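By written order: A, B, C and D. Residues from 1 in each chain.
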Amino acid sequence: MDQILKEIQALALPLIGQGKVADYIPALAKVSAKQFGIAIYSNKGELFTIGDATTNFSIQSISKVFSLTLSMKHFGAGMWDKVGREPSGQPFNSLVQLEYEAGVPRNPFINAGALVVSDMNQSRFVSPHYAMKTFIRRLSGNQEVQSDHKVANSEYEFRSRNAAMAYLMKSFDNFDNDVEEVLRSYFSNCAIRMSCVDLAKAFSFLANKGYCRHSDEQVLTEQETKQVNALMATSGLYDEAGNFAYRVGLPGKSGVGGGIVAIVPDQFSVCVWSPELNKAGNSLAGMAALETLSQKIGWSVF
Amino acid sequence: MDQILKEIQALALPLIGQGKVADYIPALAKVSAKQFGIAIYSNKGELFTIGDATTNFSIQSISKVFSLTLSMKHFGAGMWDKVGREPSGQPFNSLVQLEYEAGVPRNPFINAGALVVSDMNQSRFVSPHYAMKTFIRRLSGNQEVQSDHKVANSEYEFRSRNAAMAYLMKSFDNFDNDVEEVLRSYFSNCAIRMSCVDLAKAFSFLANKGYCRHSDEQVLTEQETKQVNALMATSGLYDEAGNFAYRVGLPGKSGVGGGIVAIVPDQFSVCVWSPELNKAGNSLAGMAALETLSQKIGWSVF
Amino acid sequence: MDQILKEIQALALPLIGQGKVADYIPALAKVSAKQFGIAIYSNKGELFTIGDATTNFSIQSISKVFSLTLSMKHFGAGMWDKVGREPSGQPFNSLVQLEYEAGVPRNPFINAGALVVSDMNQSRFVSPHYAMKTFIRRLSGNQEVQSDHKVANSEYEFRSRNAAMAYLMKSFDNFDNDVEEVLRSYFSNCAIRMSCVDLAKAFSFLANKGYCRHSDEQVLTEQETKQVNALMATSGLYDEAGNFAYRVGLPGKSGVGGGIVAIVPDQFSVCVWSPELNKAGNSLAGMAALETLSQKIGWSVF
Amino acid sequence: MDQILKEIQALALPLIGQGKVADYIPALAKVSAKQFGIAIYSNKGELFTIGDATTNFSIQSISKVFSLTLSMKHFGAGMWDKVGREPSGQPFNSLVQLEYEAGVPRNPFINAGALVVSDMNQSRFVSPHYAMKTFIRRLSGNQEVQSDHKVANSEYEFRSRNAAMAYLMKSFDNFDNDVEEVLRSYFSNCAIRMSCVDLAKAFSFLANKGYCRHSDEQVLTEQETKQVNALMATSGLYDEAGNFAYRVGLPGKSGVGGGIVAIVPDQFSVCVWSPELNKAGNSLAGMAALETLSQKIGWSVF
């Protein structure tokens, strides 16, 4: 495995310079582009890393998987009245579809869907961001996981598009709490900082039938675990989910911080990271690394 | 396996009566609703069946997988300039998205995408329908496979919406041949009649790394096989692909004739059939049967 | 004229009962349906009335003409960078078009456009609602004109859809001030209460080349006056502007309070009122009354 | 008037070179750009001209007014079940709106609406194009009016987008005849060649309460005349109708051949022509000429 990781790194590093670091908020734009890391965590507890695998970065949309997991634990199948399970077929923050489909977002991984999930968690927890942070610390085994307040505040300042979506859903009676409060929680979760190692470990329960070995906890049932993986496989990479299935063939979730997490069911959880993004908003070098990794080891589930 | 199939049949039969046989053309509306069959074909050549597994039915959109396979063999990766690989996120025959995305359909399994694939095959073969029929006979090992001319003519008569899509793509320079000719070939392919057994055998190469054991033929490379499966997983069930992944967890393709084919990679190809459809246009009892089958045997790839 | 008004009233009264009083906020739903009034004010200062012509009602979207007039006075042609002059071709509060056209609303009479105009006025006046009230009092010659705080607060409480539009425009950098503040001003203006007589007098400058005879004031230039009338003619009646031009043939503006104002250039300003609305959101009896009035007197500008 | 026309010409000629001659079909692209003409025809029968007022050009979408007039004569108000009377708010050939509004086009002046009107005329006349030509010859008093077969054939060859619209409406059961036949008639009507003088005379009935003085014929009733003018005022200039009302203030209809016809009710019919188009597809110099003309003489109906 270490040899393969070295080869992957050699192939991926030259790609840095061809993408673009997310710059829609100043706090993210300052991240140095020349970083690249991989962490692979096996169901037996082995950890393989290369590059900047222990450097923290903003997990951004990867947090949507944690939010979904929390809401599935607490609301079960009832949550699917408020958010769908179908790929969106549109750029990830489009309001058009939301309007035509009466305020019910297509899936929990587009922004509108994640806002509805955050709204549900807001109804359930006194402090949903605190609940989330505690949950993630347990899943990753890292008690030092923190949210970056500067990033969260900057996202809040530039909240207009997300606010528009939340108010639109509210106008369709599909949003229960105060919009501003939910946005605060949502952005605090997006601004959580973790490393490739943290994320590979935190996602390991999805490779292991719902069981997290280092916290010795059955996070979700085996069937719920398959369901989360299925949702990631069809909707986890913004408007590039089909391409990811075609090229990588694994359930995955990306964030504009440059991280991508993927699940090899019954075997591994993987996190790659490199800050520069492709046009679809996914890590450019990360996509290439995962594709090669998947093909070299024959990981595709298809 | 035979015991499981009996249980599945017992669960699925009571659902007949809750769906609706496709009636957009008279020739399909006459099919008797009370039919149900399953065929499972293993990579070792074993065949398991129950119910009306040898009754022929109209394969309709399932033919889109054969068309795609033919075009992948002849055009390779170049074909992806003309058709995308992303889920569509809209009802399966919507023109809206096609217009906003400049005449390039989202994937080869929505009608617009299948028309582009048919247009490509029309450029390659003197008689694309004859090429298709020969190909399917070889894949299924059944030399008697025929197209139903009455159904094909009826589809042609009610071609307005498909014609609108083809002309729209032509207006964007993404359609090369005469619209009427391509529609004729397309409808002839949709009108092919096969049984569950035929389809399970014909799709077996997708479960077997591209190799078809009964025709002793490498139909696609191993990687291309994974790619076709990935496309089915993200886009194979109209606007219910996400739900199918969530509930069944297998690559699959459905048709309005009531058939659904699914692939268990490295193990089985499966075909279920029952003519009544749910609201999304997929076999109602077929979906339930596949869901139970997948859960009982633990087939989900996720 | 008095005889004609009696005939119109006789024709219009039986229509009451066939429409529906606006009920999207409780404060408006309580208005008694059985009310009907007309006021006609001539450029010579003559006033003709019938029915409930001096009863106050919520002017709602009719206020958009006053807002536009204020912003034209202060921003001139520069304002057209932020809002268009084309009919919208969609229900009056659709976000779809706004998104496709990058946050620039089609015209100042759809909600999104009126919000942008309110945002401009917010930049110009310390208290835009006070400026508006003063302006309307002068134009109508009625110093008692007031806004109904209960209605304004109720509109604010149910602000979700308008808030979504404002935030969407802000995300496209086409909205400068705090969304909540602008919404407060906007709803206060909508909640202004006036009678048919007040409105006929307040709109008289649009029939009189921009001159308001009772305040002895040139409100707009002659050309600006024609421009406001042109905008009302193409976009003044939500998604029924074409039908209004076809049936009535006059520039006009309606509100969900049941009022409709129309301009007979160089001759009269007219206000009809009856609270029940048709499906397009315009006063049902009011439309019929204006249509008959226009045809009987030959008022159509076409 | 002659003096004013000279001034207008002096202002308009320098604009030639800033627009773009229609080039979507080769036959139109060859027209020399440096042409400009105006013809004004009064209700008293006076004719004022300047520039290339007797040069024939392709009337294109201006023919839609003749088609509409023919169908109003033969179908009366019944025709409005198949086509609406509202501005479209979209580029003139968009399919999106057509799909969302179930195949009923917004008005008779967008392409989809004109196709439905052509379909109605196809149901009524043995040879709709012959009926149209005869009608136009009578209205213009010019027995030499002809259609350019080369242009008509070229339009037919590049018919894809119009064919897509026609088939889409057929799929919604709002199109009765064979698509190809109706397209042939439609393009033959668009390809009719007339001069500014011909068009000013042919449109004179719309300025004269429906009466055509040179053929001594009541073409439409007075009310129908106002209705056609109202439709032109709200929908006659593609996606620039609002701007035309704002700047010119007259009912008008343009064509991609560079002609624009306008009506000064009870006084004049006007035709301006210059082949170069602005971004909205309307004659650039023609728009400027009409705007100045209208302002200098005070023609705006508003």
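We take it that a residue touches a chain if its C-beta (ideal position, glycine included) is under 8 Å from a C-beta of that chain, and two chains touch if they have at least 3 such contacts.
What you see is a predicted model, and the numbers here were worked out from it, not measured in a lab.
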{"item": "Most distant chain from subunit B, judged by the mean position of its C-alpha atoms", "value": "C"}
{"item": "Rounded Å distance, subunit B centre to subunit C centre (Cα mean)", "value": "55"}
{"item": "Separation of mean Cα positions, subunit D and subunit C [Å, integer]", "value": "32"}
{"item": "Gap in Å, rounded to a whole number, between the CA centres of subunit D and subunit B", "value": "47"}
{"item": "Residues within subunit C bordering two or more other chains", "value": "none"}
{"item": "Inter-chain touch pairs (all)", "value": "A-B, A-C, B-D, C-D"}
{"item": "Residue numbers on subunit D that touch subunit B, as the complex places them", "value": "94-96, 99-100, 159-161, 163-168, 170-171, 179"}
{"item": "Subunit A residues touching subunit B - in the complex, by the definition given at the top", "value": "84-90, 97, 106-107, 223, 225-227, 229-231, 233-235, 239-243, 245-246, 249, 251, 263, 265, 295, 300-302"}
